[in-house]
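Note that subunit A is present in both complexes that follow, paired respectively with subunit B and with subunit C.
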Partner chain A sequence: MQGNTNTKTVPSPARLTRKLLRILLPAAFILIFFAWILIPMAYTVLWSVTDPKAGWAYPNALPLGYSLDTWEYVFKFVKIWDPIKNSLLIALATTAVAFLFSLPAAYALGRLDLKGKSLIKNLILLPMILPGMAMAIYVGRVINRMGLSGTYAGVILAHCLGGIPYMLRVLIVGFEVVPQDILDAAANLGGGPGVRFREVYLPMIAPSVVSGGIFTFINSMEEFTMTFIIGLPTIKTIPTVLFSFLGESYSATRGAVVTLILLVPNLILLMIVEKCIKTEYMGAALGKM
Partner chain B sequence: MENSLTIKNVSKFYGSFQALDKINLAVPEGQFVTLLGPSGCGKTTLLRIIAGFLSCEEGEVYFGDRLMNDVPPEKRDTAMCFQSYALFPNKSVYENIRFGLRMHKVPKEQHKKLVEEAMEMVNLTGLGSRRPYELSGGQQQRVSLARCIVVRPRLLLFDEPLSNLDAKLREKVRVEIRQVQRQLGITAIYVTHDQAEALAISDRIVTMSAGRIVQNADPRTIYERPNSKYVADFIGTANIIPCSVESREGDRFVLKCAYGTLRAIDRDCTLQPGAQASLLIRPEDLFLAAPGSENAITGTTRTVVYMGNVLDMFVDVNGTSLRAGITKENVVTENAPVTFAVKPDRIRILEA
Partner chain C sequence: MKGRKKRFQWGYLLLAPALGFILFLEGSALFMMIAQSLGFLNYTGEDAFTFAHWQQLFSRNFFDNLMYSLKIALLASLICLAVVYPLCLSIQKMPGKKTWLSLWKIPLFIPALIACSLMGNIIAYNGALNTVLLALKVIDKPLSLRNDAWGVGALLTQVWKNIPFMLLILYSAIEAVRKDVLDAGRNLGAGRVRLFFEVTLPVTMPSALVATIMTFIKVFNDYTISKVMGPIYPSTLSNLMHKAAYTLNDWHSAACIGCLMVVTSIIFVKLYTWLSDQITRRLS
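Up next is the complex of A and B:
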């Protein structure tokens, strides 16, 4: 330590290293992170425009020829529009049903004094913990008993099972953080229960509704096992088409195209939502306390 | 005059903890009444029972002569300013203030005029389109006040509304609250733990302790003629020491205490010679005097603090501490002999 009296003018090597690390480490992480996401993405895009006749195999770094033949094939011969419509329809309906089911439940679990509340809160997470295939097999049986196999209602019900835990969880938190004072203020200015719900709860849980909705929607869009067991062969969604290209009739190019098709609505949704959730809402919800 | 609010034998329990113990209180119309006490004394509980947010196990709450116990808060026609302001975060200032008008089904065409009047009254003109989070704390509390007064409630309730503001602003908003309340003549119930605030703002102060009302009087009486050691100590600064009553002639007493033998005039005291008591001397009632004058107290200064408006000092009198506040023209050094005197009618005799 004795030789360190000049540290103000000449940084010691240790300090310099630390300074460098502070910049380099995050930079490295960001790079790895981007590579992790972007490299597979780039490959997917490349595969989707690879000329199927030319092909692309080791040791070539890039495809040997490019064409939009696969895109044309997928849209012309696979009738991809039906699965796209199915996927969007089922995802929308799942989100709506999950929301309507979760709203009263979340209110009860978030605002009321109930016995065994924490136990219930943990139980609703079970569908997230159980392996998807195990769940799908048993849920499939139940839905079959109900006579709903191969119907939209059956698929939507099954998808809800995956979405409700997310939705319920975030809505409960949404309800919990609404300050009692604001509800009291509304009440003592003459706002009855209905007004309090519409004008205090709903706007303040809106961010939770949006994020729960995204989770549920994307979860449904990407759900394969439930649709596979309950919906097929009548109801095809994008993931079931994708899996058919990655399974029996393997085709990397077609798989890539379908993957991108699946990705697009989710990306658009995320971007819309990014615009919708303003940070002001969060600040507003917590107030300036 | 009719009482706006009457509380009869109200008790409240939280499990086995008794938050309120048979509270009785009557508030005449147009008065500004403060519920004062340390945290946990039940003042907020009482306010919430008045507002209808809490129910009470025993007793009755009347507005005028109407029993309110089973009336939900939205039908009580009260309006409360909260410590957290409790503004609707997703509504503009204008919409926040208009909320009560909509709920009270006031005709739409009057809204604009009424809201603007209320905003003018609390100096918020021009801020109608702002959102609450774009305002300072003082402005937010003003919005909250405007939101309350715009509906001309039967009772205006305040739950420590100034606690989140800094000292300067607190005084300013406090004056505004009082002005607006007087101007409109609305009965107000104000909860605070700040005794200076209570003295400054109230017609009456209801001092509470452990779920009971200790003294209910106007500010001057509360400060100058407290009915107990608790009130004397809680409000303002005070010298309270044990004493014994030596003799009594009508309202004239001779007291013996650590400060010496003092003469006191106290018309409220019922104690007889030989009784043990406590005496109260406010620091500002002491003045510098020559040794040997009536009611002289001689001691040695220990600390002298220049406060700007007064010299605040602690004096050692025969081993007992005496706090005195004298005007700033005087020069007193530390660790020097000093003699004070106090007028007999400035000494208050309290039960021991």
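Up next is the complex of A and C:
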């Protein structure tokens, strides 16, 4: 430590290297970041504006021609508006239903002294743990028995199964952080259970409702296997359309357009999450499984 | 005392909508799966209790798929772990680390199918990877990585998709390493490498294990990424199950595979809860 203070006038080689590293390391880091996350996105944008007639194949490093034909094709002939509407509708309904189902349970788990709380919390996590495809197939059979295969109701119920754990976990944290003294004060001033709920709980859990809602919404927007098993062929969402372009009828250009259609709203939601939502809700939804 | 008991029961009633919904759907699905694996719920013939489907399950086909699932899951989680440690350490030293952290989290919000589409464009013949490797003259023919026999495409996509999740867990663990311990080590003359191996690594090991297990389960149970990016044969158990049920109409075998996947997941989750208990005990 003492040696460092004396080398102000004559920079030693070690000091110079350290200074250089201080510039080079962040630069390298930024480069890796761009290569890792932004280059895939840039390629997808390029593919989406590649002229299908000119094409883009090896050994060309860039497309041979650019046009918006694929965008036009997807919106005109794939009828992409229906899947977009379906996805949004199902995601909104899932969020609403999951919220209504979760609210009482979140209150009970967040505020009340219940025996076997940790067991119940683990049971609620079941849909996050069990293998997606295996459960989708058999939940699909159950929903089929209920006569809801290929209906909005069936798909929304199946999406709720994936959404409720997120919603519940975030809401439980929301209820847990409501300070007891405010509730006591409200009770002292004569507020009954209804008043306490409306005037104290609701405003205080509002942020967790918003973040739980966003997580449930995103989860439903990207849910593929459940829709694939239960919704198809009558109900198509954006992921199932994308799957058909990536798998059965492979088309890099159309796949790229559908990718961007699903990617942009998700990134906007991510920014909202990062900007407005407290880290504890984020941790509750994603962190400890 | 009486009032307390009353509130007690009322609380359980509140759990009914959410818990009842989950238990009803998951429970009846699991019940149907187990029943079908034992020969009941036969769609084409007579119901009969039999272990025959379990005995037929263990074929060459099944073991190939099982080995593939294990291989991809193990490799993806280990590669993620190897990448995430240096990533965390360098993010920690960066100016504006919060922004970088949230930028690195982007793939967490990107659905698996989109990750496939993004990575597919990168590893295509005319993609960035082949272009760069060709320009550097590392290879003289473009590599075929999508649906390749070994599963490089699927592996890359899994790594890309799962790094942010691990980053989230490990970054908070590395941030929690006490600075005074690191300073003490530095005062005693330990270099950066030695500090990492003797302080940071052992302290963050439990979180690393937990993150690895979680990634392992996710990759092991994956359907989409292997279907789109992975080899045609072998594929993951989820793919085998879907094929057995919907293409071959062999619902009993599909049920057996499903049961096996559920059991594997539960075993690993038990391992996870045991480990996180261990961590909380160590921290407190």
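General remarks:
Here is the rule we use: the second predicted complex is superposed on the first by the 231 of 289 C-alpha atoms of A that agree within 3 Å, B and C clash if a C-alpha of one lies under 4 Å from a C-alpha of the other, contacts with A are read in each partner's own complex, and residues count from 1 in each chain.
Keep in mind that, in the parts below, a residue touches a chain if its C-beta (ideal position, glycine included) is under 8 Å from a C-beta of that chain, and two chains touch if they have at least 3 such contacts.
As the structure is a computational prediction, the values presented were derived from the model and not from experiment.
When both complexes are overlaid on chain A, the residue A:L119 reaches neither subunit B nor subunit C. Looking at the shared chain after the overlay, A:E274 reaches subunit C, while subunit B stays out of its contact range.
Applying the stated contact rule after C-alpha superposition, one finds that A:T259 touches subunit C and leaves subunit B untouched. Counting the residues of subunit A touched by each of subunit B and subunit C gives the higher count for C. Judged by the touch definition given at the top, the superposed model places A:V142 against subunit C, while subunit B stays out of reach.
Applying the stated contact rule after C-alpha superposition, one finds that A:E199 touches subunit B and leaves subunit C untouched.
In the superposed model, A:L242 makes contact with subunit C only, not with subunit B. Once the two complexes are overlaid on the shared chain, A:I23 sits clear of subunit B and of subunit C alike.
Where the contact sets of subunit A with subunit B and with subunit C meet, they give residues 287-289. Those residues of subunit B whose C-beta lies close enough to touch subunit A in the complex are 51-53, 72-80, 82-91, 99-100, 103-104, 131-133, 137, 140, 144, 147-148, 151, 157, 164. Partner subunit A is touched in their complex by these residues of subunit C: 7-8, 11-12, 14-19, 21-23, 25-26, 28-30, 32-33, 90-91, 93-95, 100, 102-114, 116-122, 124-128, 130-131, 134, 142, 160, 165, 168-169, 172, 214, 217, 221-224, 227-228, 238-239, 241-242, 245, 254-255, 257-258, 261-262, 265-266, 269, 272-273, 276.
Put simply, subunit A touches subunit C in their complex at residues 25-26, 29, 33, 35-37, 39-41, 43-44, 47, 56-61, 100-102, 104-109, 112-115, 120, 122-124, 126-127, 129-135, 137-139, 141-142, 157-158, 160-161, 164-165, 168, 218, 221-222, 224-225, 239, 242-243, 246-247, 252, 255-256, 258-259, 262-263, 266-267, 269-270, 273-274, 286-289. On subunit A, the positions that touch subunit B within their shared complex are 179, 181-182, 184-192, 195, 199-200, 203-204, 280-281, 283-285, 287-289.
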